[in-house]
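Below are two complexes that have chain A in common, paired first with chain B and then with chain C.
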Partner chain A sequence: MKNVMSNKTAIILYVLPSLLLVLFLIYIPIVLTGYYGLMDWSGVGQMKFIGLENYKKLVHDQLFWESTWHSVLLALFSVLSLIGYLIVSLLLASKLKGANLFRKIYIIPMLMSSVAIAQLWMKIFDPMNGLINSLLSMIGVKETPLWLADPQMALYSVFIPIVWQYAGFYIIIMYAALINVPQELIEAARIDGANAFQIAYKIKVPLISGVLKVLVILAVVGSLKYFDLIYVMTGGGPGHATEVIASYMYKEAFGKFNFGYGSAIGFGLLILSMGATWVIQKMLRVNQG
Partner chain B sequence: MREANIANTEHRSPLRRIAIAILYAVLIAVALLQLYPLVWLFLLSLKTNQEVFGMSPFALPKSPRWENYINAWFDGGINQYFFNSVWYTIVAVVLTLILASFVTFALTRMEWKFKGAVLALFMIAYMIPLHSTLIPLFNIYNKINLIDNPISIILSYTTFNLPITIMILLGFYQSLPREIEEAAVMDGCSVHRIFFRITLPMTTPVLATTAIINMIYNWNEFVFVNTFISSEKWKTITVGVNNFVGQYLTDWGAIGATLVISILPILIVYLFLSDRIIEGLVAGSVKG
Partner chain C sequence: MKKKAFTWLALLMLMAGLALSGCSSSSSDSANGGKSGDGKIHLKFMHDWPKGSSTAYYNLVEEIIKDYEAKHPNVVIDVEVLNPDQYRDKLKVLAASNELPDVGLTWSNGFAEPYATGGQFAPLNDIIEKEFKDQFVPGTVEAYTFNGKSYALPMEMNITYIFYNKEIFKKYGLQEPKTFEDLKNIGKTLIKHGVIPATVGSKDGWPASMWFMYLADRIGGPTILTDVIQGKVKMSDPAIVKAAKEVQNLVDMGFFVKGNTAFSNDDAKGYFLNEKAAMFLTATWELPNFTTSPDVPQEFKDKVGYFKFPLYEGGKGTDINSYVGGPGLGAFVAENSKHKEQAKDFAVYLVKEWGKRSVEGAGILPATKVNTEGLNVPKMYLDVLHDINNATNITTWFDTQASPNVSELHHDLMTALFGKQITPEEFAKQHDEALAEEANK
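Showing the complex of A and B:
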């Protein structure tokens, strides 16, 4: 057994290709991002070493912090919407007929590309013929909002399709955890006279807290690196009203050809994502493993 | 089931019924919110511009304009994008599944020193935001002449899907019985034979799940194609749709038809395999 299953050539053959791919296309690029951040570089031609200049600039860059703030707002918003998702999943897990069908319907938006969702919601938000404003004028609202075109509203407008897109994803994961809560505990509580709210609040939610903590991390990290939908819907605009870290990085690098500074932003994004994961894990004392 | 019985027999009070009605009302409202935008998109795809701009957005099209689809498919160049997406997706899914199966087999079945470290490398890779790798990746591909080349897309899809695929496979491999493999070793089977003839076939169910999850990710991917590909002939449907919409900003019917075409393959697969997809999403996320 031992000889066959510790065949060195086989191990190398099985592990090395994947390991090389991950090293060359994920780990080395991550190191390079930090390194390019030290350069003045337009993507073509010579790199010029400028030390920590880009990083100094980043720390004092109003636009970077504004973008970061938008990403943080999105993270807060996503974590708050988890409460809504939790309520729906608790209802879904109350063993009613048709729960499976609802679950299947809820996940459908998650199957679409962010690009398709962005295009669809741009039409839904259209001030003249869009779904929402037509609905609003039907119920008598005279001054319908401009949504994505209004700098005050644009950021919150892009949050709506994001909540829509991920609702089903979070609901099915919470649901899967909830239906695994042992029936005995629930019945014992019911015999003791607990009502549905008490059972949900005191038994079901604490029992799935492990999953909920993982979902908080997913929501925060996912929000910090959020890109596709916002980039397609608004391109970060109007002005920079919906700029997030990843869109700012992308525009600096591939729009303005500031590859050095773009890399510094990319490195900032990495630090923020990893840092947020670490902090949340510490705060919630998540034992992953 | 037991709880449902309690609900039906012991608590038939009017209050209980109202509670259940409210519960259903909320669940149905959420379902409508999730579905109606898609129904609206489908109706939009069958309308003329006059119908879109002149009538209520809730109105049905007078006579469905299926030619919107034909126009999008041929004139919009969607057919080229569509087939690019199909083959990038298939090649990357097959590569990811093979490579991930190899790694998972080595991690769960074989004896070697750096197992823990290698597993950690894949797990950490899952946490790294891909946007932070984008500029160096662009530079690396540029240096080896893979910019505007489908190979860069397939390599990226394969690599970035490996961590999650390995994580889903890992749980399944750990639950597989070892007896058959042990018996095969006794009989003098080589490790390759054990992997290909015994272990791999036993993982077919989870391979199907991971294949679909990978397919969804690849089909919908945007930023790699948008960054690494510049020629129209190599673009995928996700990026193609975005460009198409940019060009035909005012023809809402054509835009609707294009978007429907772009989501249709996934929806069709989902129709048949929804349970597997949901299983995979749950498995993949909770382990992350």
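Showing the complex of A and C:
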């Protein structure tokens, strides 16, 4: 082992293949995206260099900021829902009756593709024949909400299936971390007279805080670049009520043939995501003292 | 035991999920499963008529492909079918990576232009001249012509009507409207009786736009939208703003199905097919569903009638035979195709057979001239053909004429107009800004 670690050629040899992969599949495309952002390009024709025009336009583009705000809202919503997931995982990890069944129920949405989930929830939200409104009218609600068709409500309506879709993913990770918390600690606390809530709050949660931090970052970055469900369910509409950065980027690049501007938006998204990650890391470290 | 039952349940859910996603994602089928390396020429062909929602089109295309393969044993056609919205997206992605299918379908005008001028589509003037002399309905080839070169073989010619349920109209003593005021009154009566007057899928923008385009035509005259595209008139022209206002008046009175800004055209169509909505403004590409399609019960087909969009009192468009419509899809051959000659040959065969078989076999209106003498076709079909021959004007859809940039914005703004998120004035202003930006390019 020691031999390998001190052998520079061996290190390079082992690291190189994955380095090349990461380089060509991730970093070079990122650089290219930034470069395309400098172009006036329809995606099929000739490229024209226009310098920083696209980026200047981006800064003054009201729609871009609007969709950014929607993405940020989604990120906040996702982080808040982590608390819900945490509570569920705490329950599942305690020796609750039927926890096994519930654990599986939560994971099932993970098995479905986003498009299927979108179709499913579009049916549920259907203002005329949908599940929710049918139930509402059954209990006597006259003015049933329009859900996805209502500009005020559409954004929050699409958040619900997103939270539902990812519940399994977060719960499974939190659960895995929780069952690794040493039993002796919990037993010791119980002998000292701590109740279940105190054990959860004072022992379990602090012990898995490392995992939780990673999950917060995952939730935020995942939300910022979120695309598929929203695109299928509302296409960013009605109007731009559910437009997020990624759907806006897609519309510009592929809908309007503004590849250059689309790339600029993509680069903006990258910077935002990196910024958010940095800020969260700073914040969580400070909290730790 | 319990565990086992659960495994089965999970498996079932998974399969349901897969099946669901299968419905909306692409599916490809071909004679031999698309394997290559069998010494045959493989031509890739992409179309947007999925089996479920465009049965007549799907079957017709399948039939033609089979016959072509039978006649050319060395050629295999690999077909990929997508629904229209996904088709549009995929075509763009493929074009961006220079991997268009050998033969595919394209919409006309603004949609085709970037592909044509960007060198993705092969010019087809030679075969149009050689194989189709005087065969196409006037105006269709021109819709795919840029800088004097034609880039697609037209397959469709469509106009737009309000289709309606005759039984519902009869039940409430309603007549086909002559004026827009009549139409509104029909709406009022239907709403009073708890029937949805009209269905529209305004999430997609373009179905909603048909209402707007007709109102603009009737209020501002038949050339007004074309004039906007050509920069002669502004979108903020009072006539156009008035048309947008009338759209919102209809929305306000509850004329359209509730929640339509979340409905795609297919979602909306369901309300008409299930007889929940009395009217559906759409184009003649739906004719098979109202005449020949085996998927739609004959009972319902017998109930469908149509009328021309009514005139607007005091409007400049005084001719009811002025339509909104235009050439729909045409077949293109990819410039980068490895088997370009064979692809051209297939495209020619496809469009020729399409013209021959579509009328009688499927009730589809082709872009090639139709001789109806001695044909056994549904009456509605003959009526429509008669109307097209007597049309005084066919305004090509605004979003088809516009560049992709303006077209996309138009769709968004249409959804917003139907969702009452913008005022008619703002609607016009945003169009004008985009058009001005386009003109400066």
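One rule holds in what follows: the second predicted complex is superposed on the first by the 260 of 289 C-alpha atoms of A that agree within 3 Å, B and C clash if a C-alpha of one lies under 4 Å from a C-alpha of the other, contacts with A are read in each partner's own complex, and residues count from 1 in each chain.
Everything below uses one rule, namely that contacts are C-beta pairs under 8 Å (C-beta built on N, C-alpha and C of every residue); 3 or more make two chains touch, one makes a residue touch a chain.
Predicted model, so just to flag it, every value in this text is computed and none were measured.
Peer 1: Quick one: is A:Gly43 in contact with chain B, with chain C, with both, or with neither? Answer first, second, both or neither.
Peer 2: Both partners.
Peer 1: Please work out whether A:Phe257 is in contact with chain B alone, chain C alone, both, or neither, and reply first, second, both or neither.
Peer 2: second
Peer 1: State whether A:Val115 touches chain B only (first), chain C only (second), both chains, or neither.
Peer 2: A:Val115 sits against chain B and chain C alike.
Peer 1: Looking at the overlay, what does A:Gly237 touch: chain B (first), chain C (second), both, or neither?
Peer 2: Only chain C; A:Gly237 stays clear of chain B.
Peer 1: What's your read, chain B or chain C touching more residues of chain A?
Peer 2: Answer, by number of touched residues of chain A: B.
Peer 1: Have a look at where A:Tyr27 lands relative to chain B and chain C in the superposition and call it first, second, both or neither.
Peer 2: first
Peer 1: Applying the document's definition of touch, where does A:Ala10 land relative to chain B and chain C: first, second, both, or neither?
Peer 2: first
Peer 1: A:Lys104 in the overlay: touching chain B, chain C, both, or neither? Say first, second, both or neither.
Peer 2: In the superposition, A:Lys104 touches chain B and chain C alike.
Peer 1: Touching chain B and also chain C: which chain A residues?
Peer 2: Looking at chain A, the two contact sets intersect at 43, 104, 108, 111-113, 115-116, 119-120, 128, 232, 254, 259.
Peer 1: Taking the complex as given, what residues does chain A use to touch chain B?
Peer 2: Listed in rising order, the residues of chain A that touch chain B are 1-2, 4-8, 10-11, 13-15, 17-19, 21-30, 32-33, 36, 43, 88, 91-92, 94-98, 102-116, 119-121, 123-124, 128-131, 134, 138, 164, 167-169, 172-173, 176-177, 183, 186, 196, 211, 214-215, 218, 221, 224-225, 227-228, 232, 246, 249-250, 253-254, 259, 262-263, 266-267, 269-270, 273-274, 277.
Peer 1: Once bound in the complex, which stretches of chain C touch chain A?
Peer 2: Residue positions touching the partner: 6, 10, 13-14, 17-18, 20-21, 23-25, 89, 92-93, 95-96, 114-115, 117-120, 202-204, 257-263, 271, 276, 404-405, 408-409, 412-413, 415-416, 418-419, 421-422.
Peer 1: List the residues on chain B that touch chain A in their complex, please.
Peer 2: Chain B reaches chain A through residues 1-4, 7, 19-20, 23-24, 26-27, 30-31, 33-35, 37-38, 40-41, 44, 52-53, 56-58, 99-100, 102-103, 105-106, 109-112, 118, 121-122, 125, 127-140, 155-156, 158-160, 162-163, 166, 182, 185-186, 189-192, 194-195, 216, 219-223, 227, 238-239, 241-242, 245, 252, 255-256, 259, 262-263, 266-267, 270, 274, 277-278, 281-282, 285-286, 288.
Peer 1: Which residues of chain A touch chain C once you look at their complex with the stated criterion?
Peer 2: 42-45, 101, 104, 108, 111-113, 115-116, 119-120, 122, 125-128, 146-151, 154, 232, 234-241, 251, 254-259
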